[in-house]
Amino acid sequence: MSRPGPIEYADAPPQVRIVFDDIKRSRNIEDVNNFWKYLANDPTLLKRTWESVKEVMAEGALSPLVKELLYVAVSATNGCGYCIASHTASARKAGMTEAMFGELMAVVGMAKETNRLANGYRVPIDEAFG
Amino acid sequence: MSRPGPIEYADAPPQVRIVFDDIKRSRNIEDVNNFWKYLANDPTLLKRTWESVKEVMAEGALSPLVKELLYVAVSATNGCGYCIASHTASARKAGMTEAMFGELMAVVGMAKETNRLANGYRVPIDEAFG
Amino acid sequence: MSRPGPIEYADAPPQVRIVFDDIKRSRNIEDVNNFWKYLANDPTLLKRTWESVKEVMAEGALSPLVKELLYVAVSATNGCGYCIASHTASARKAGMTEAMFGELMAVVGMAKETNRLANGYRVPIDEAFG
Amino acid sequence: MSRPGPIEYADAPPQVRIVFDDIKRSRNIEDVNNFWKYLANDPTLLKRTWESVKEVMAEGALSPLVKELLYVAVSATNGCGYCIASHTASARKAGMTEAMFGELMAVVGMAKETNRLANGYRVPIDEAFG
Amino acid sequence: MSRPGPIEYADAPPQVRIVFDDIKRSRNIEDVNNFWKYLANDPTLLKRTWESVKEVMAEGALSPLVKELLYVAVSATNGCGYCIASHTASARKAGMTEAMFGELMAVVGMAKETNRLANGYRVPIDEAFG
Amino acid sequence: MSRPGPIEYADAPPQVRIVFDDIKRSRNIEDVNNFWKYLANDPTLLKRTWESVKEVMAEGALSPLVKELLYVAVSATNGCGYCIASHTASARKAGMTEAMFGELMAVVGMAKETNRLANGYRVPIDEAFG
């Protein structure tokens, strides 16, 4: 068994092509990102992940832009290089400006810092927070 | 040396009271949260942290509501119980509805999942992401 | 199978007692902490963990105080409540003052913040760092 | 002081060679991985780490394959690129198939997602869990 | 808006009851865990999460026991108290013995340790790992 | 909007140059690191981060060397490649020897391992820890 590589559309089985087609149509792009090409090694995982992402990132009580900002924030917190790169790109498409990105980074950094201070001082939860 | 406990206003030295007063005025509350009472054990740390938080969370390219949503997202990602509780409360004050909270959680969960898939499959960054 | 609970000295098998005795002698305490009582459910794990901790935390190029400070820093970063509590206590025994604890927390918080900024901006490593 | 680089067998002091020889014999390989060559900068750390790994990964109540799967899962959770690469390779040697890897990734991703949901909703532990 | 609490079956809307019924039937239990009662605040999130968990944790290339072991490993790595408690309980139901739990913990601990060493020494990936 | 790149001194606006000048003077270096050049995309963030870092890392109850060791420990725990590289370099400048680095890594690794064991066994905090 060799290391799983990316599956290109031309080499993909039918159930993978169905998902790839849906991604391309939904996002109006010509080819899917590497992320989906790697997941295609496990078509069930690919299908479930895509359907969940599509449902989660749709317009709802929060706008797609806010959802992308949240995605970038979590990815930066986790230190996932690929995810930071791909969702920063998506967030820009959805309207993120340079100034928004700067403020996003500032909030993420500050939250990390205060999270650690709260842990380190073992601060008990205020009654008012319920 | 005993474990540092919370410093109440009545027992606080002048440079701590100045910060507490500013927090209460800025947030229009009668007493500061436990977080600030614990940080007050180190007045320099208290002052710098409060000034940074005040600057970072102010209205800017992102609204205070979006900033609070980001704070909750990072705190949930880090698993900091105190921070989740306190910033969920702040986010509600800033306008977060039940439906927004549900979607926020969904995005955070999905981001964590795809972050790990990207890491696990060691997906290379697409050239298009720059 | 019920959830593993703490193993008290009186109920411990001989190979666990040998480790407990060594912990008590090395640290000059009357009873071991809960951490060791839980690990005693797996005597091999208990023995290896204790021997590694003893070796790692001994006086060396770094003093025991500096090592305890590092332990607290990593535990606060991980958000492990038990570990923060137990190693803050050990650090105090080893000489940590209130002022040192405040500065330790400040460095941990700042490091977490700048770590995320470096990740978020995907800063390339300077050549000078080798 | 320059940055620590890998120590090759030919340049290694006797106490490092003893460990390298044991790794090669135990794993039936011609040369040790980079991980061990870097740890060799601190022979005490090298020896303790190798002896612990050898003991922990041996056949026991869990098979070596299951242990390697667990190692990959933790490494993917931590986002350690080197560890994912090296333990995916070991897991394959121990019998991991492509399908197993896909399911492993699915479980890791799902666990990360539900971990965050449990944290975010601050779900109290059910009494039944003890 | 008050903090979201658990939704009991008696108070649940029809689309939540359908999911609760499926969980109870699939797991042969009389009531669902707190986790599901909290997610029920967002019926869409509840449904998607349950369907994903059911699919991911089913018998496949890996047995349900191995999948539960992996779940516990990731939860311990993340430090999610609720998830460790609930999945340790599930793992026991699926056949995990006390000895397996001890070895599981040992592998998780060792993986965390070596992950950090690999990061700290910035070990480059061996060519052999592909 | 393209991805934010580094801002060189020659292209920097006045309020960025003031910060760059202060960094160069304080550290006695000819050019600032990439980290600061990227943060310069958001001058407010740059200024606040530098002022906080300067204050936090100054001589105090803990020496600059101990503070740098703590910074490396947190960065290794977080797995931030850039931060490990840059603060390992700073720590060396501040006097860290090869032996200190080996022991630092050993403590970080051991702390990670025992943190997970404490979480996994859900060890309750000893009363003695207060």
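Every chain is named by a letter (A, B, C, D, E and F) in the order it is written, and numbering of its residues begins at 1.
As a convention for this text, a contact is a pair of C-beta atoms (placed from the backbone, for glycine too) under 8 Å apart; a residue touches a chain by one contact, two chains touch by 3 or more.
Here the structure is a predicted model, which means the values were calculated and not measured.
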Quick check on the contact graph: shortest path length from chain A to chain F, in steps?
1
With chain centres set to the mean of the C-alpha atoms, which chain is at the far end from chain C?
A
Copy-to-copy rotation for chain B and chain D - C-alpha atoms, rounded to a multiple of 5°
180
From the centre of chain F, which other chain's Cα mean sits the farthest off?
E
Could you tell me the distance, in whole angstrom, between the mean C-alpha positions of chain A and chain C?
34
Could you please state the distance in Å, as a whole number, between where the Cα atoms of chain B are centred and where those of chain F are centred?
21
Can you pull out the residues of chain E that are in contact with at least two other chains?
3-4, 41, 44-45, 48-49, 52, 56, 77-81, 85, 88, 97, 99, 102-106, 108-110, 112-117, 119, 121, 129-130
Mapping chain-to-chain touches, which pattern fits: line, ring, star, complete or other?
complete
Residues of chain F touching chain D in their complex?
79, 88, 92, 96-99, 101-103, 105-106, 109
Which residues of chain E touch chain D in the complex?
4, 33-35, 38-39, 41, 45, 49, 52-53, 56-57, 60-62, 66-67, 69-71, 73-75, 77-78, 80-83, 85-89, 97, 99-100, 102-104, 106-108, 110-119, 121, 123-126, 128-130
Contact set on chain A toward chain C in their complex
72, 76-77, 79, 81, 84-85, 104-105, 108-110, 112-117, 119-122
If you look only at chain A, which of its residues touch chain D in the complex?
1, 3-4, 41-42, 44-45, 48-49, 78-80
For chain B, which residues count as touching chain F in their complex?
2-3, 44, 48, 52, 55-56, 129-130
